[in-house]
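Okay, here's the structure, questions in a sec.
Labels run A, B and C following the written order; every chain starts at residue 1.
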């Protein structure tokens, strides 16, 4: 998009939207939207509070473990499915079902089976992320060029060497793509988990602020959350780009 | 015996009516001069090739004639009328076939007619004719992904023929098919040019192909793009499709062209 | 070949039910009923009409929300894909919305719009629209150049190029986006019910849980999952009907 001949950077319209937010807030159009400036100053305050930092710690804890399990299980199952036809045919329908099913519906089950605490949230997070990781890993493994496999064998590579030196890298762009989407889903999962189970982390904070009508605080924490989710996603996109130079030429 | 002439000769222009006239066309992309002051005439009813190494602007020129690109300066006229955009008098055959993958062969071939507002029955029966003419009868309801590369290009050709334009513009139409199919296409093209009263403008980077199919070859050189020669092979085509590739004149012309182009290959 | 796939599917479904049954009998947990217990609870709920009433409640915001999201989403996506100005203005919003956990907005929506149909529809929409818009705009922007040129060269009007070339060419990706949008919308609908008001199926789940009627709870959850699978299969069928040629992808050398 060009203005007066200068190319505008990609996300720069957010500045415009920010300005709009400020205007709406200043005009006091609705109680629910305070001016951006107020939100930002509250943000600065809130960041230092122990309530926020605890929430962040709890959320980060659940998120990291959840993602860890999802990645480990997801990649393993994905590889198995990519390589073994029987396993693939048995599991694929289920993976597809759970990929698009409203996993939120399963949260009550988790609450009932695993209680109201961190365990349930971690499992929720993993559940949200794992299916897409499985699918993308499987796709990455399946599309490994036959010639690469034959080449590896013809040069006498052992299965382990072949995996480490060739198959892993051949499948990596696809796997990274899956992990990126999985992580975004994991962020949603950890928040949804907290909203429903609701006594830890940001879920608790949101309840607190909304119950007390602390709108600026609410939006401040929301912005932090959004910004975190967005940065993680961009970081992974960056990693993906680093490996994608060879991805298209597969 | 060969009749190699240099450009700027008006002799050939006065002999034959001109279908397409390109005058002082320039095309700039930011700071790249793709075409500079190019002028060229395309005689009616003949097949003229634009031949040259990559980067010489031949596809750019073709698209300007088609009205798909706007020149930075200069003008093109077709049958006396100036070109301001795509028109019913020209039809384009694409290098990558440009078929609609979600539509059947019949729907693809009738697309041009559909865009002109023809009703379904009429355009489908016309399309049917041309599908048979290019040898695809029986495949009317097939989809592009079910066809081989050669068959797909025949669909593209049928589509271009169906609109009955005066000028047929072909952008390296045979470069995306295998060698054997390509040879067959070249032979079929000769027949097509002989049977139809249309003007063909044919872009290629294959010297043999250009000499084989053309009535006139315009050699384009890059940086800056210019017409370096115009060659008119004499009528060895009358000797039959199989004899052409061994005809001494054919071989001479091919050699001469290669010698002059050799230094431009990167 | 066909049969093998079907047989394996049935077999794995059977295996799953068997595992469920066994796990329930072990029992894995006091709160884990067996397959049969859950199925009979399901049958009961269907028979006495509770299930249908519940779904009538649940499906309303879902269907309204998804219809709005699909309709508006594809149009906005089209617009964003075709106009550099709109792309610059709106893409960042949708990109942020997609990466962010929008579920966090639910408490706010409840504050602003109460606990009725409106807020539930809004929840479905904000969950479903970003991915639909972004898929559509991405597909539109990636329409193969030569197809568009082909359209122009055959004198198609701008409107024809959009409706006869860009949209069909984009349709596989648009449908992929719709699939994701529908499942996100589903998540939104269930979330809204579990969180905002006890109505519909969400209510059955919460209520059964509170009175420890686990078979009913699991039955309800099972039915939701089955429904979402059916819904998405329906979407696939729609795509096949509308765009028969989509089944094998693109023609380029």
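Operating definition for what follows: contacts are C-beta pairs under 8 Å (C-beta built on N, C-alpha and C of every residue); 3 or more make two chains touch, one makes a residue touch a chain.
For clarity, every value in this text was computed on a predicted model and none was experimentally measured.
If you compare A-C with B-C, the chain pair joined by more contacting C-beta pairs is A-C.
Distances between chain centres, each the mean of the C-alpha atoms, put B farthest from chain C. Chain A and chain B have centres, each the mean of its CA atoms, that are 52 Å apart. Look at where the CA atoms of chain A average out and do the same for chain C: the two points lie 18 Å apart. Chain B and chain C, compared by their mean Cα positions, are separated by 49 Å.
In chain A, no position touches at least two other chains. Touching chain A in their complex are the following residues of chain C: 4-5, 8-9, 11-13, 15-16, 28-29, 31-32, 84-85, 87-93, 95-96, 98-108, 110-112, 179-180, 182-183, 186-187, 189-191, 194-195, 205-206, 209, 214, 217-218, 221, 224-225, 228-229, 232. Residues 144, 146-147, 149-157, 160, 165, 168-169, 171, 243-246, 248-253 of chain C touch chain B in their complex.
By the touch rule above, chain B contacts chain C in their complex via residues 63, 66-68, 86-88, 90-92, 94-104, 111-112, 115-116, 143-146, 149, 152, 159, 163, 176. Those residues of chain A lying in contact with chain C across their complex are 1-2, 8, 10-14, 16-17, 30, 32, 86, 89-91, 93-94, 97, 99-109, 111-113, 184, 187-188, 190-192, 195-196, 202, 206-207, 210, 213, 218, 222, 225-226, 229-230, 233.
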